[in-house]
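In the part that follows, the structures are each spelled out as structure tokens.
Below are two complexes that have chain A in common, paired first with chain B and then with chain C.
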Partner chain A sequence: MTQQSDGSFRIIGRSLTRSDAEDKVRGKAQYLDDLTMPGVWYADVVRAPVPCGKLLGLHFDESFDWTQVVTVKPEDIPGENIVDMTGLDMPFLAYDRIQYQGEPLALIAAPSKALAREAVNHVRAEVEELPAIQSIQEMVERHKTGLADSLRLLEKKEIRRGDAEGVLAGAGKVLEGEYWTGFQEQLYIEPQGMAAEPMESGGVYIRGSIQCPYYVAPELMKVLNLPLEKIRVEQTVTGGAFGGKEEFPTLPGGYCALLALKAGRPVKMVYDRHEDILFTTKRHPSWTRYRTALAEDGRIAAMEVDMILDGGAYTTISPVVLYRGILHAALGYRCENVTVRGFVYASNSFPCGAFRGFGAPQAYWGLESHVEDLAEQAGLGPDEFRLKNCLQEGDITPTGQHLLTSVGTPAVLKEALRRSDFHAKLARCDQGRPGAKSWYGIGVSFFAHGAGFTGDGEAKFGSRAAMELGRLSDGRPGLTLYASSTEMGQGAKTVLAQMAAEGAGLPFDRVFYPLPDTRVVPDSGPTVASRTTMVVGNILYHAGHKMKCLLEEAAAKHCFGGASVRLEGGRFFAEGVEARPFEEVAEVLLAQGEPLRTEHQFALPPHIRWDQERFVGDAYPAYSWACNVAEVEVDPLTLQIHLRKITAVYDVGRIINPTLAIGQLQGGLVQTIGYALMETMQVRKGLYDANRLQTYIIPTALDVPEMDLQFLEYSCDELAPGAKGLGEITMNGLAPAIGNAVRRATGCRLCAIPMRPEDLYATLYQGAKD
Partner chain B sequence: MNTITRTWNVNEEERTVTFGGLHRLLDVLREDLGLTGVKEGCGEGECGACTVLINGDPVTSCIVSAVQVPEGAEILTVEGLEKLELGRRIQKAYMEKGSVQCGFCTPGMLMSSYALLSRNSRPTEQEIREAHAGNLCRCTGYEKIVDAVRAVADELEQGTRSTV
Partner chain C sequence: MKTLEEIFCRQPETLNEALTLLSDEATRGVLLSGGTDLVVQWQAGAVPMPEQVIDLSAVPELKEISAQDGCLRIGACVTHAAIRNHALTREALPALVAACASIGARQIQSRGTLGGNVANASPAGDASPALLVADARVVTASLAGERCIPMNEFLLDYRKIDRHPDELILRFELTPCPQGGIERFCKIGTRGAQAISKVMGACRVVMHGKDIQHMALALGSVAATAIRLPETEKLLAGKTLCEELVDEAEACVLREVHPIADIRSTAEYRRWVSGRIVRGFLESL
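Up next, the complex of A and B:
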């Protein structure tokens, strides 16, 4: 399914079996809840009963025997009562204002889950309820009618190139569209779980199902009043995350740590599914409005975008989601006059958070739906319009970035259109033809995803990783890698080891990537932003290369009498003598007792320039590009939308492991089928209305259509071995491709996802929905 | 407390276990028998992560009370698969085809594959999908799981042919 990768690699580009697969198929992998923890107690949370209000008092029922449990109230917090994320506006335990229903008020640990729950039920919060904001519709209404001041603004940001307002004011015709997206739950199958225990040295040891060990540790320093080195965080085998275990685990990690320190014993908290859906982060609901003017010749003269995200109750990471949202909201087509304005307002629901795509799926739902109307206005097919206007090598993005290297457009677009036979099928679309038994439609979307942190973020962060020669679990010599990047199912453990082994000139099975533990690993950054393969892979590839040189030197000295030595494919070669296998030489080197360790720090290509204040410059070190084509059949009677086929072509740079890459793509696309057609929840009376798997419906094996998937490898040569981001772009564009197909099938544009039969009915028979 | 003692054949071994009358089969397997390969993803019979076989039938062990499982029943969990020829083949196919990502759905998914292939060695694509429709996977998009099951079925068919 992929193109041949560069023949000069031995390990990169091969579909090696995942190194964690065997443990997982044997039931031996130990997730948090599988670990034995002698003497462990169970944590539970006393939660706010209203979405917005004032806390007047917390009453602990005197008839309950409180000596059987340990409680933590705001006054028991050893440090500051604050979650140390952007904004510093979220208390660990609410003590005055309540901003969402379910906000933690007190923590309880008990020897059994049942007792902890019983204790929680004996606490009563006395509150004065205040009016709450509970939907993005309400937010947008106030924003549009000049009442934005009545909302809590969490962040705003603007991108400006040329003079969009001026051009639009003078344009004969301005095309306008408004687009909406709802909440989405990550729905990793392993629920959230964390555990903490006091360390003899005085700190706390926290373990759990997490994406970012170096988020949890520093974010708990303030509340625990401990220095970083006294907070040890270790990842346990993680059963899926998708962003849901990015910033969130700091909360249960903190609950367990506070209780464990007070109780003087291990405490764990594993959410049940109901609790997990109700009280964890969701994808931000969004609204986008596009206003565009076309030039005579069918080019885009000016585009103005407004984007609003519902941030939920507190700031957390919403600003960063907004930045990614606005950076992608007009990223796709040539246009010299662009304005994008973004706002995050607070509502009274659980804080929204990271979810695969991170603002970009919301942006492309708007852009790629809107472009369909532009094409029609220009008198061009959706394929022709995109081919004519899409960004290509040498073009300039809305932030003024010149696209110069590894630009897989228009290649991805052309290939997807060709493979799906798009143009011919377009003519066959039914457009709601009366009397048809089934309405056929085809739709396309074109999109990108910036890989890594925004701008020069990677340069400022300076991620590091290391490796060391030692013995692996089989007792034989090998390299152990040290980085904080996490395996959460996506295959990082395997792919990073492949890149390290390639750099080091060793076989794959002589390189081991353990679960990160902040006690021993340097900070290679969080496992987010489609950065791990590109950035951390690059670091480990280089550290591997340094290791190869170190091993060659040491081998020359100790095993080859000073002759010049070359390590390749797991064998040491020297002029005039027989090659010796790595393991034999490594035994000699290990016996010397000198540590052989290398480290590398990430360096961005020096030409990357970014102005974070003005949002001008090189927004990302590299971009992945893709085109999705969706084919649907709509039943004219039931209005069921049947997705029949997906054709997807992706340029994500060099493919490290084709089987894993395709697996990421298939998984991301199916998650997007849920986003586009099935998954829906609203806040009603303070809580998400779909709060169990009976009501929050995600795709099963029966919901997956035929898929034709292809990678085109435009290797990012500045960042060897040339991978770009893959994880998130899988979710960016399928929803609008389906929306555009539904439009061609029914003649009717749906402006909101998910697109369900009742929404189609309401739009087809305007006003039918009450 | 009202306790019950049962002897079952668990993963080809006689195991006797004493549990509280209201305990879920899932808890007895995980906590009393140490079979933590069996996972809890929802506790409500919806995700299939806790799927085990009782006398060859797949059941979601989170909504079965242990007391309902009769004396002498044969229980098969993910830990027992490697003792069985078909189990090993399915495990190997999952590894080779890339059917495992985070692995949390895998123990339940494997049991559904085993239940299907032990009865129907030549399932159609639709039959494969239906047999796994009760197992949610958020990582793989199901394609590589279907591929693995199909690969084992093909292998079984070739095996039959070559012995004919």
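Up next, the complex of A and C:
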């Protein structure tokens, strides 16, 4: 399914079997809850009973024997009662104001889960309830009617290029559209789980199902009143995350650490599914409004975008989600006058958080739905309009970034349109034709995703990784890699080892990527932002190359009598003598007792410049590009939407492992089918209404249509070996492609996802959305 | 807090043993068949975990499908998979077969039973409309004897059935679809499998040319229990099928059902699609 890889690679570009596959298939992988922890107690949380209010007191029922359990109340916190994330507005335990229902008020650990829960049930919170904000609709209404001051603003940011307002004011016709998206739950298979135990040396050892070991430790320094080196964090085998284990695990990690330090014993907390859905982060609900003027020739003269995200109760990482949202909200088409304004307001629900795509899926639901109307206004087909206006090599983005290298557009667009036979099928769309047995529709979307941290974030962060020659678990010599990037099911363990092995000139099975432990590994950054393969892969590829040089030098000295030596494909070659296998030479080198270790620090191409204050410059070091085509059949009798086929063409740079890359694409697209057509939850009476797998509906195998998936490899040569981001762009564009197909099938534009038959009915026959 | 392991579970091996256990308050327990609804409800805390359970899965009389005296008998503990695969049901009850094939997915169908689906008494129980159009009778048993109750009377209200504490559902007796008769089943779910119905419907029709000789219509998830649609049936029976009649029938259904909104759907859509399901049935004849 992929183009031929560059022939100069031995290991990159091959569909090697995942190195964690056997353990997982055989059930040998040890997830947090599988680990034996002698003397472990179980944590539970006393939660706020109202979504918004004032806490007047916590009453501990005297009939309960409190000596059986350990409790942590706000006054028991050794440090500051604060979660140290982007904003400093979230207390670990609420003590005055309650900002969401379920907000932690006190922590309890007990020898059994049942006893911990019983203790929780013997605590009563006395509260004075206050009016709550519980929907984005309410938020947008206040924003529009000048009542924004009545809302808590968590962040705002603006992108400005040219003079969009001026052009729009003078334009004859301005096209407007408003688009909505709702909550989405990550629904990783393994629920959230963390454990902590006091260390003999002082401090605390925290383990769990996490994406970012180096987020947990610094975010807990304040609350635990411990220096960084006294907080050791280790990842346990992680069964899916999708962003849900990015910033969130700091909370249960902190609960367990506080309790473990007070109890003087290990404490763990593993959420059950119900609790996990109710009291963990969701994707931010969004509203976008587009106002666009077209020029006579069908080009885009000016575009103005407003974006609002519902941040939930506290700031957490919402500002960063907003930045990614507004950076993608007008990213796709040439336009010299662009304004994008973004706002995150607080509501009284659980803080929203990271989810695959991180603001970009919300942005593209707006942009790619809106572009459909622009095409019509311009008198062009949706394919023609996109081909005419799409960004290409040499073009400039809304932040003023020149797209210079690895720009797979318009190639992805042309290839997806060709493969799906889009233009011919467009003429067959039913547009709600009366009497038809089935309404057919086809829709397209074109989109990007910036890989890595925003702007020069990667340069400033300076991610590092290392590797060392030693013995692997089979007792034979090999390289162990040291980085904080995490395997969470996506295949990082395998792909990173492939790139390291390629750089080092060693076979894949001689390179091992362990679960990161902050006591041992350097900080290669969080496993987020579609950065791991591109950035950490680049670091390990270079560190591998350094290792190759080091091994060649040492081999020359100790095994080849000083002759010049070349390591290739696991064999050492020297002029005039027989090649010797790596393992034989490595045994000699290990016997020398000298550590053979290399390290590398990430460096961005020097031309990347970013002004965070003005939001101007190179917003991302590289972009992936893609086009999705969706074909649907809507049943005129019941208005059920049946997705029949997805054609998806992606430029994500060089493909490291084709099978895993396709797996990411399939998984992301299926997750987006749920986002687009099924997954719905609202806050009702303070809590999410869909709170179990029975009510939170995600796609099954029967809901997955035929998929035609293709990669076009526009290698990012500035960042060898040339991969760009893949994980997130899989979720950016399918929803609007389906929306555009539904429009061509029914003649009806739905402005909100998920698109359910109920919504089609309301729009087609009730005249308004309920 | 109770766990599943703490529930006391008896597994009678004969019908008499089961009825004896039920006859005594001391040994009486919650009746368990496939457990696909009950165990989930216990785990979710939707209903409290019981002290004791009587597991009916080893009682042979409850697992039989047979034809007798012109009617089809299906034991209460016959699985959806068995109904789906049995020659007798496939021949005589196509709507029920289709309904059972739409429940959960293969795993659920292999464990879940017809008696459990009815006894759970959810308005979204997929089998009920098909049972209603087949004029099903529910036969219950206790040590005192058997009772035979028409299905529409057996379903009392939301999550309520006419079963006495000392009784179990023995079997269902259904009238086979007559020669030349047609049955249809339609389910509007939230997804392709593992879906709880937003609305589902079944019909049994006997046509003579374009004339409707017999019409039985039932819907689920639109009221507290699955219901027959007597008004619409009356409107259609004895008429000649034509476009105007289909329009009238659809309109009649809208007058006849008053569904509610819940997490799966809106009241408005449910009502509208109820009419559309009936239209679909009629247009397919």
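The rule we apply is simple: the second predicted complex is superposed on the first by the 765 of 770 C-alpha atoms of A that agree within 3 Å, B and C clash if a C-alpha of one lies under 4 Å from a C-alpha of the other, contacts with A are read in each partner's own complex, and residues count from 1 in each chain.
Simple rule for what comes next: a contact is a pair of C-beta atoms (placed from the backbone, for glycine too) under 8 Å apart; a residue touches a chain by one contact, two chains touch by 3 or more.
The structure displayed is predicted, hence computed values, not measured ones.
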Partner chain in contact with A:Ser15 - chain B first, chain C second, else both or neither: first
Which superposed partner A:Gln362 touches (first chain B, second chain C, both, neither): neither
First (chain B), second (chain C), both or neither touched by A:Thr71: neither
Chain B or chain C, by number of chain A residues touched: B
Partner chain(s) touched by A:Asn538 [first = chain B, second = chain C, both, neither]: neither
First (chain B), second (chain C), both or neither touched by A:Val237: first
Touched partner set for A:Gln640, first chain B, second chain C, both or neither: second
Which of chain B and chain C A:Met488 touches, first, second, both or neither: first
Partner chain in contact with A:Pro191 - chain B first, chain C second, else both or neither: first
Touching both chain C and chain B, counted on chain A across the two superposed complexes: 692, 694, 698, 700-702
Of chain C, residues touching chain A in the complex: 1, 3, 40, 44, 105, 188, 190-196, 263-266, 268-269, 272-273, 276-277, 279-280
Residues on chain A engaged by chain C in the complex (per definition of touch): 114, 117-118, 274, 637-640, 678, 689-690, 692, 694-695, 697-703, 757-758, 761-762, 765-766, 770
Sites on chain A touched by chain B in the complex: 15, 17-18, 20-31, 33-34, 186-191, 237-242, 272-273, 488-491, 659-660, 662-663, 666-671, 692-694, 698, 700-702, 704, 707
Parts of chain B lying in touch with chain A, wherever the complex brings them together: 30, 35-44, 46-47, 49, 77-79, 81-82, 91, 94-98, 100-107, 110, 128-130, 132-146
